[in-house]
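Going by the order they are written in, the chains are A, B, C and D; count residues from 1 in each one.
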Amino acid sequence: MDHSAIEKPSFASDYQEGAHPAILDQLCKTNLMKTPGYGADAFSEAARIKIRAACDAPEADIHFLVGGTQTNATVIDALLRSYQGVVAAETGHIHVHEAGAIEFGGHRVITLPQENGKITAEALQACNEAYWKDDNRDHMVMPGMVYLSQPTEYGTLYSLKELEAISLVCHTYHIPLYVDGARLAYALACPENDVSLPDLARLCDAFYIGGTKCGALFGEAVVFPRRDTVPHFFSIVKQHGALLAKGRIAGLQFDVLFTDGLYQKTGERAMAAAERIRAALAEKGYRFAFPSPTNQIFILLTREQAADLSQKVDLGFWEKPDEDHVIMRIATSWATSDDDVERLIACL
Amino acid sequence: MDHSAIEKPSFASDYQEGAHPAILDQLCKTNLMKTPGYGADAFSEAARIKIRAACDAPEADIHFLVGGTQTNATVIDALLRSYQGVVAAETGHIHVHEAGAIEFGGHRVITLPQENGKITAEALQACNEAYWKDDNRDHMVMPGMVYLSQPTEYGTLYSLKELEAISLVCHTYHIPLYVDGARLAYALACPENDVSLPDLARLCDAFYIGGTKCGALFGEAVVFPRRDTVPHFFSIVKQHGALLAKGRIAGLQFDVLFTDGLYQKTGERAMAAAERIRAALAEKGYRFAFPSPTNQIFILLTREQAADLSQKVDLGFWEKPDEDHVIMRIATSWATSDDDVERLIACL
Amino acid sequence: MDHSAIEKPSFASDYQEGAHPAILDQLCKTNLMKTPGYGADAFSEAARIKIRAACDAPEADIHFLVGGTQTNATVIDALLRSYQGVVAAETGHIHVHEAGAIEFGGHRVITLPQENGKITAEALQACNEAYWKDDNRDHMVMPGMVYLSQPTEYGTLYSLKELEAISLVCHTYHIPLYVDGARLAYALACPENDVSLPDLARLCDAFYIGGTKCGALFGEAVVFPRRDTVPHFFSIVKQHGALLAKGRIAGLQFDVLFTDGLYQKTGERAMAAAERIRAALAEKGYRFAFPSPTNQIFILLTREQAADLSQKVDLGFWEKPDEDHVIMRIATSWATSDDDVERLIACL
Amino acid sequence: MDHSAIEKPSFASDYQEGAHPAILDQLCKTNLMKTPGYGADAFSEAARIKIRAACDAPEADIHFLVGGTQTNATVIDALLRSYQGVVAAETGHIHVHEAGAIEFGGHRVITLPQENGKITAEALQACNEAYWKDDNRDHMVMPGMVYLSQPTEYGTLYSLKELEAISLVCHTYHIPLYVDGARLAYALACPENDVSLPDLARLCDAFYIGGTKCGALFGEAVVFPRRDTVPHFFSIVKQHGALLAKGRIAGLQFDVLFTDGLYQKTGERAMAAAERIRAALAEKGYRFAFPSPTNQIFILLTREQAADLSQKVDLGFWEKPDEDHVIMRIATSWATSDDDVERLIACL
């Protein structure tokens, strides 16, 4: 087999490489240790303690799952009753790119209009109000929880004020708030961001800290800040096929990521690269499709520009707003090298 | 954190360690290569080619999933229509230890009596015949496929003759045959075994080659020997939350396991240890609970014997056949050291 | 179209005719009245008041559904969490003749051995105990509720003592008890029976009073003796496609059945016929397959006897215990005429 | 109990009364006939023959179910694979008023924008094209069938030309077309309508002829114009709890409705009343909210007008387009009397 890497610099996604070397080091060092399975090992426990500390949530229940779709489906099924749906932006990952995983669990994704990938507390309030004021509501799908992503699928961020307003609506209607943090490291490291892990723990009923796209081989850490939010969540994870036999492999990765601030550093490296690219793009007059301050940069190109640029550098295709234009995505990550950044900028 | 290993020699399960060192080596070597996600990478493709060759199934569709429960649920949902159930031994993993994952997908596990973890072609024939002869069958759950495990949960093996007979019943009733190979390496390396990978490919409609319990960090390779057995299986995998973003991590592991016969060697090492332990047990007069020729050894002990032995060595508790006895399990693996074997034997 | 009735006297089932004439009378009389839909009508409300009185359960929530399978699936889905199963006799209707409706809702039917169609409190206790003592229980399906039928599918009855013992086990393990009363009229009217409607209301968390097999065109009255046992049950009914637009049609039937003791009388008529037939069978030396005291009589016949009898009278085929015998069912109902009974006895 | 009818003339819905008297007559006449259950009776068979003739579909498979939500959920589950969704207008009944019944079966309702309750062939084409052109389509919900209602929830009609265009798109993408005919009698009897039953049979893969809202006590006749469109549909019906034990009750109603053109006449009576009301409304200057030519009339009122009118006549509340207005619905039916029409007009 030819292991030759992709030759062009690639910014196609933030999960093109393996894992942060510190993770592989630790995997190698501890490889022959024997541990119990299913997350009852010392690595997972160590990771839980560190995450609780980072979230300022000493009673948090923490579970390590494998991937994002799986995590979303499992948590959402666990939080909803059969007649309830999950409210999300129409651009939310659960509505667009999870192949019907939420519906497979029996639930509707109730979509709200989005702006730059975000919903507003006002729209959420209106959605709940409309349901509860409707005389026919018993024939309708009840809004049963809220799903946000931070950063969003469009690379944008909820501000603390926005998150607090949404959380307040959730409290008013007694529905849980859940945040998908697939790329959370890139939010936490973003200069514009003012939502910390303790803020998430305070304002959400559940959220997950993404590993797959933030330096791990795979893995997402589900955090229920308040103990026993979901009784028997372990069995629900198992029933969803989401329980890792060698739970230590996931636990160990989060143990490494939450040691000496590695998760934060991982995000910072991607942010530094993104900032440099954004500056170069702006300087050269490129148009941004969305005002995304995190590790995903969306540029609006003519078809010719896109074809030309794609010859030299590997970008992600995002969407075609009209016949003459395309939106391409540049994604940086913990693994983006200075060299790749310079090569990209040279192509612009 | 104290990473100290468990001090007693441990035979509690075959997934206590990380991965075969060759896998970690390759992970480290290729870590910074950039590849596309979701299994479209060169590692996964290389693994597919090697597995097709090993199975003598040049047209096989092969997908890499993460764990056993997930794989069983995904394949079974993909093969059944809503009104069908999956026929399995009452001791089958899907019926006992998967927390209702099959039912979560809407299907009944139709159980048959087992002997040493196995069902017979006769019982399977009778089950199908009973359904199709029953005037009320349209009110009943239709047997829609068959699930076997090789080796079984009791460490026993289907012989080629048994498998052929079961396959014949499946053909007669036009229902697919699926084999759970969570521990397949230990079957393939067992001297008593006469069922090869090409036999499985010839006789089954789907099976999986287990990685998690056979030397990988995680991962199971689903093989559909005949192309397009399940159209859009990729989407079904995604919908089940079973699609790995960095598919290469699973693919690479199977690429390593199917290079230079490593999968076979992995099994052989476990078998050598098991054989040595079985001989010692027999010599010292221990009673075997089941005649298991593979890497799992089940011994019937008095409660006192069990308590005593558990002080010195870490075994798996299996079941309590009566008030005075327990069945304990000794599981060897690719990682079992000669030293551990000797320490165990010294305790007997 | 030739509306000619089946010529032979028929005891094939207890739902061969339309409805008790009193029901049709009332349907005709009230036909052009306008009422709101979905059970909010005065007929349904009148029926609820009468059923609450009959059950001595002044706070009971009562819903009228259409058929038995639908009712079982809806109530069971409403009472279970995703990782729980419903415990039932292996001969329970939900396990045998509902085409996987419970599994369609995501739940396992956890079967217990039966004797004459019944389970015992001891077996139920053992089942729960086994689950809660098992170290691997989080990987297993949790017993989440109990399903009984009264009378059972074999025409037998739980005594008050048996029901109290089962209810006690349910309380011990905090799991609801649900009774399927598809043929409840025939239990209530049976001389041997000592379980009243108030007993059911006291001992169960939910049960249904069968209409379809007890004189109605269709319809089953679900009773939750304690208010708000299942919040939003109306939406759950709707989501299961079990909500009747013209709810009055079901409500009116129960209003009639619970006026002037008609439900009881309906059962008594069937019981009188059954008693007369049972006496004749015993006198003529027929062998009973099960000791069923209600409206279903099961007789063990040689194949020749069965073929001969089936020429003269329409019976239900039940099962073939061996090559030489069959079990046939004689079912009486509210509609069984004296003439039919005499014609049947003449054939014996 | 006080059976007093609602005093005000009521146009609140088209299912406020019992059934057309001819149905009750036939129920009474045939009440004591004994028939086999589950739709194998002579009444159901007679109805099937008549419906096949009316649809010019001699090979059609026909099943009688109980209600609309149930029918939609059962047919849609039967026609889709797990990873597929059903395309519908955002105002479609399955999306708005079925409490998540489609999602309960595991499927998304993929909504298209509507105009007057209808979707266009162009929008449907674009939806399919977008899916099949998207490189990420395997991560998305596949459009797997199309759901229309005729007449729509807004009382409007698809023209033959529109239906043919939609059917053509379905053929192009090999996805079935399904029409919800809950109020089909009112479409068939509408002077503007040019879509006949044979047209539906020719252009659809499945549709249902509504009984509940068109003169029956309850019941919907599912028509699969081509034989064996869905193998084992009977079991799917049973599994959904949608199988009526006394199937004859549903079959008989359709037998009556399809004898001597009663179904058509039922629609005509409602249409005559609606036409008269529409003319009076237009004459008095009322504003119509949608141009609905069938039995549902939607008028836009100020809040004061609505409050005033609701004092005198019972109308259905539809929606509140803004703070100052409401849309009210006037529904006529087979049971609307001339007297009620005159009383309504007098109130305008």
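Heads up, the rule we're going with is that a residue touches a chain if its C-beta (ideal position, glycine included) is under 8 Å from a C-beta of that chain, and two chains touch if they have at least 3 such contacts.
Remember, predicted model here, so these are calculated numbers, not experimental data.
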*C-D or B-C: which has the larger count of contacting C-beta pairs?*
C-D
*Select the chain at the greatest separation from subunit C, using centres from the mean of Cα atoms.*
A
*Inter-centroid spacing, subunit D versus subunit B (mean Cα positions, whole Å)*: 50
*State, to the nearest whole Å, the distance from the C-alpha centre of subunit B to the C-alpha centre of subunit C.*
42
*So how far apart, in whole Å, are subunit C and subunit D when each is placed at the average of its C-alpha atoms?*
33
*Could you list which residues of subunit A touch at least two other chains?*
82-83, 98-100, 104, 106, 138-139, 235, 238-239
_Which stretch or stretches of subunit B touch subunit D in the complex?_
77-78, 81-83, 106, 138-139, 142, 232, 234-236, 238-239
_subunit A partner contacts - residues on subunit B that touch it in the complex_ = 1-3, 5-6, 10, 12-13, 15-19, 21, 24, 27-28, 30-37, 42-43, 46, 66-74, 98-101, 104, 212-213, 217-218, 235, 238-246, 248-249, 255, 335
_List of subunit C residues in touch with subunit B within their complex_ = 82-85, 96-100, 103-104, 106-109, 135-136, 138-141, 317
